[in-house]
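Paired with chain B in one complex and with chain C in the other, chain A is shared by the two complexes that follow.
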Partner chain A sequence: MASREIVRYRSPTRGAVQAVTVIFLIVFLIWTVLPLLIMLVSSFKELLDAFQLPAVGDWGDVGVMFDFKPTGRHYVELFTEKHFATYLRNSLIASFGSAAVSVSLGAMAAYAISRAQFRGKRDLLFWIISTRMAPVVAVMVPLYVIFRSSGLVGTLPGLILAYTTFNLPFAIWILKGFFDNVPYAIEEAAQCDGCNRWQAFRLILPLVAPGIGAFIVLCVLFGWNDFLFASIIGSGGAKTLPVATAELVQPVKIQWGSIMAAGVVTTVPMMFLGLLIRRYLVAGLTMGAVRE
Partner chain B sequence: MAADIAHTPDEARRDIARGARTIDYTPNAFNHQPARYYLLWLMLPAIIVLAGISLYPFFWLIYMSLHEVQLAPGKSDIWVGVDNFLRLFSDKKFASGWLTLFKYSALCLSIEVGLGVLVAVILNNSRLEKVLVTIFLMPMMMAPMVAGFLYMFLYNGTFGWYFWLLRSVGVLEGGTILGDRGWAMFAVVATDVWQWTPLIALITLAGLKRVPQDQLEAHMVDGAGEIRNFISVTLPNLYPFLLIAILLRFMDNFRFIDTILIMTGGGPANATKILPTYLFDVSFKFFELGRGAAIAFTLLLLTILLGLVLTKVFEDPARKLKTGGGG
Partner chain C sequence: MAAVTIKDVWKYYGKTLAVKELNLEIKKNEFMCLLGPSGCGKSTTLRMLAGLEFISSGDIHFDDVRVNDLPPRERDIAMVFENYALYPHKTVFENLANPLKLRKMSRSEIVERVRRAAEMLEISELLNRKPGELSGGQKQRTAIGRAIVREPKVFLFDEPIAHLDAKLRSHMRGELKHLQRRLETTTVYVTHDQLEGMSMADRIAVMHEGVLQQLGTPSEIYNHPANEFVAGFVGEPPMNFLDVRLERSNEGLSVVHPAFQLTLTDAQRHLLENGNAESDTRIGIRPDNLLIESGDGGSLDIAGSIFVTEPLGGDMLIEANLDAETRVMVKTKIREMGGPGDPCRIGFDIEKLHVFNKETGVAYF
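What follows is the complex of A and B.
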């Protein structure tokens, strides 16, 4: 193993470079966190407070951002007057339903594709990945017509199916990569000990369980964050959180306080889930091409 | 004793008649079938579902693109042949949709890759790497449409903090951000950059961990400085990672249009109307689904092309990306 120690000498240039990198990092950190902070703070502000802004060029008055009396009014309103509990339930059912369908069917298929050698395997994989990559709007055009004629528009099963268009190929593709890494010898040994193939498959499941768990979470995340499918195919009976949030924009006035509160309600659970599966995040978001 | 074992059903029945106990045991039924049938059965449910929600709609899409689709019940679709496609040639918004899409993607990708690599190089092996990476992850978890609203709020011409910032710095003369043709494009790009630069940084970080240290050292012994080292050792090792990052981000740029739809809806004066946004308008605002299908078809062709490239990239270097290098 090569040593990682590299001798560095102090010099004015190096000092300057270091200072610049530190400043850059701080600016980038502020750029990343500031919008989130403003969203959180604004969700606790009364309408008038939210509209307080220092005069143009008045840098000393930035503190006005935190000069307000916090109120939980917007959150209470969301859940009492605006029926967000229902939308939250819809979001949960649609995203978890689709994740469950996708990962259970996907795990079986991924295992089979990983183990089987057959002609056309590459074509099958290509089909799967291009299904995953198809633009949501383009998929929605025929799906909308089909769902309309079969009465699936505006229902939760319809929405679950719609989410499955991107979650199922994702699950197959990424879990195949996981099963590829499990040596076949384990199943062979299990079968020598008298397991049948199904039992052997169940036996290696614990080995990929952490991955499967993480990708269930990712599927939930993709479904939860979707807006396009939900706004067209879920419109009416199966309104999810993002659609309900968009509907807070009313012709007369945009209810910014409620929108920011709804944004927090939509975002915070997913941030927790994201941190939970931190290890698998990069693999998941790059379709398994890059692992940390 | 071995002779007492029943070998044929007749012998077994004889033994049972003599009072032999039976045990319920089926020798592994699955194992007697060739493995491929078993694997096929495992594959089948997913394949059938996938075909139902991707292949079947795809044929529908082709059918729709050749018809004038009637949504009203009782009316049947009118055959128009390739008219929907021919009309695209004279459709100015279609052409400008493609152009805007490429302009948008080029802007997003160049800024994201530049910033992402910079952040990754600075963070790599620094003390704060873990903490900062975790913080940088947060925007990626946000629903794009929420990010759209959030930035709309920040850009607002009367109470938006970013609006105030731009005015205070003196770059913005007056007017509004999202209402101005030039600014609107940068505004939506900035939202994408905010959300997805961290992903590029993460991918690059994963790549940096796999740059072979011995190559770096050998190069240093040969007298290369740090910058030289970065250009001729680190960067070539990063290329496959950057390629994947760029392809994936480009793909997402036309897969998701939530932010643009929320922030500008394609305006002002079509300045941010990338093709998928135009497709959304045609299909779900004007409900000209036949024409929409024709546009969707062209978009899917690009997807298939990208898919071909991606499967190539994923297949060979994928092995290298996971295991290769000194990491």
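What follows is the complex of A and C.
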């Protein structure tokens, strides 16, 4: 098997390309990281400190932004008076719950669609993805009516179900592509070894791990970032972080410190998720199994 | 260990006919080889035995059990795939252990069996590697290992050693044959390499374009090919074919070719007469059964000239022209044959001659 190392040759163009790449990365880093940094720093500031800004163009005075006495007051407040622990828990349950349901149902459906040949397969696939094409607001009202008459409004199962309706078609499509890339011969070998269909499916599941990993991230992010469903269907009993954060914006006294802290609380878990899942996203696991 | 019966089996892929009216009885503990060129339906037949392919019509029995509708795992077969089909995310050890684990064997038994199989296949050092880190030959041996760690009713091998180097291949031929004799497991072995078939099988089924051409022991297939296809496919270098006319003469029945004339034996004459042979026929003779002498002073009948010589180590392969249109391949032990254009004399071992119907290809003898 060919090694997967990338062969590099030195040339003047390469050097130039490298320089441009570095410059681009620096700009990109500032663009993405700076707002997060300001959010993080501000969340530890008292309200007055937060508005200590240097005059425009006065680069020498940037130091005032970092000249403050850090306080954890906002975080304590969030988790005591403002019940953010509950909202954090709701967010986690809703997004991961929906990811789990979508991934298990989606993997099975995708496997079946990938392996079976039947009439109307293309139509079925199109129908599945077409459910994702309608904008969320378009289905919001009917969905709300259905959910209310089923007693699902304001509950976590309701929210999970709502996210799943949107995640599942997506899961089927992504995972079908990954299953298509697993040679059928591997399953045939498994069957000859003595596996039944279900065992064979489980055996090849690790081969689609990159797909599952990628999908879990997308699925969790969808639920985590969602505002519309959470505010309408989850309202009351199943309030999630974005909704709770939005409620901090009050007409008279905007609580900047708490909002910044809430922003940090919302961002950090997703960063860890990204780090955690990264190693599953390495493709190319199937290489070398079957002679092409 | 089961006898396998294939009865009137047809296989269509959509409209493509892959196997046509196949009838084959494989005896208990027999080593049966399916031999034929690429695309002749060997793999298809094997996959129908494994249960990986639906049978369009006909029946397959293992002993007395009709297996048409049984999935692979209920047929108790072990198969080696043409393209390895290893589990890429599992190590060689886990690949070999998988069928044993599914049978709920104890850990120590699994380790022991895998160790034995790995030793035989010379992959003991590779047990902790994944398939992606193996060479083609190592993968193939791993695939064989996965089949032989257990004792199934039937072994199904689909060109299991086609991608090994020559030395390892001949080693594995011996090992597989020995293993089959020791385990006494009914084996169906698919190959396009006639040497593998000849050297390993108890019986060979030669297939061509989905049709069984001949079923017989290696020596029957080699010495009494049923038709021109089998005669040409089996044997290396391949048989020489020449178009001739049959003519009666005082001495009996003769084969007449522009470059030579041969008188057939009485037995051969009877066979041709009984077969109502047309006068336009085709003869076949193996390179081993042609005699050759260098120079033009020898005692053999036919004068020819050397086209090219190919030394093969022990033997020598010579292509010789009998006349402007006719060239034959001769195998000989003689070392000094001269070069292209040099004269030589050639003779037929008449007992080893084959005669075929020119239209149908069917052999008279």
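The rule is short, and it goes like this: the second predicted complex is superposed on the first by the 233 of 292 C-alpha atoms of A that agree within 3 Å, B and C clash if a C-alpha of one lies under 4 Å from a C-alpha of the other, contacts with A are read in each partner's own complex, and residues count from 1 in each chain.
As a working rule, a contact is a pair of C-beta atoms (placed from the backbone, for glycine too) under 8 Å apart; a residue touches a chain by one contact, two chains touch by 3 or more.
Since this is a predicted model, take the numbers as computed values, not measurements.
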First, second, both or neither for A:Pro169, with chain B first and chain C second: first
Comparison of chain B and chain C by chain A residues contacted: B
A:Leu207 touches, of chain B and chain C: first, second, both or neither? second
First (chain B), second (chain C), both or neither touched by A:Asn196: both
Touching partner for A:Ile186 - first (chain B), second (chain C), both, neither: second
Partner chain in contact with A:Val252 - chain B first, chain C second, else both or neither: neither
Intersection of the chain A residues that touch chain B with those that touch chain C: 191, 194, 196, 285-292
List of chain A residues in touch with chain B within their complex: 2-4, 6, 21, 24-25, 28-29, 31-36, 38-39, 42, 50-54, 56-59, 65, 101, 105-106, 108-109, 111-113, 115-116, 118, 122, 124-131, 133-146, 148, 161-162, 164-165, 168-169, 172, 191, 194, 196-198, 201, 221, 224-228, 232, 242, 245-246, 256, 259-260, 263, 266-267, 270-271, 273-275, 278, 281-282, 285-292
Complex interface listing, chain C residues touching chain A: 50-52, 71-73, 77-79, 81-89, 98-99, 102-103, 130-134, 136, 139, 146, 156, 163
Contact footprint of chain C on chain A as seen in their complex: 1, 183, 185-186, 188-196, 199, 203, 206-207, 285-292
Chain B residues touching chain A - in the complex, by the definition given at the top: 28-31, 35-36, 38-40, 42-43, 45-47, 49-50, 53-54, 56-58, 60-61, 64, 69, 71, 115, 118-119, 122-123, 125, 132, 134-147, 149-151, 153-154, 158-161, 164, 167-168, 170, 194, 198-199, 202-203, 205-207, 209, 213-214, 217, 220, 241, 244-245, 248, 251, 254-258, 261-262, 276, 279-280, 283-284, 289, 292-293, 296-297, 299-300, 303-304, 306-308, 310-311, 313-314, 318, 321-322, 326
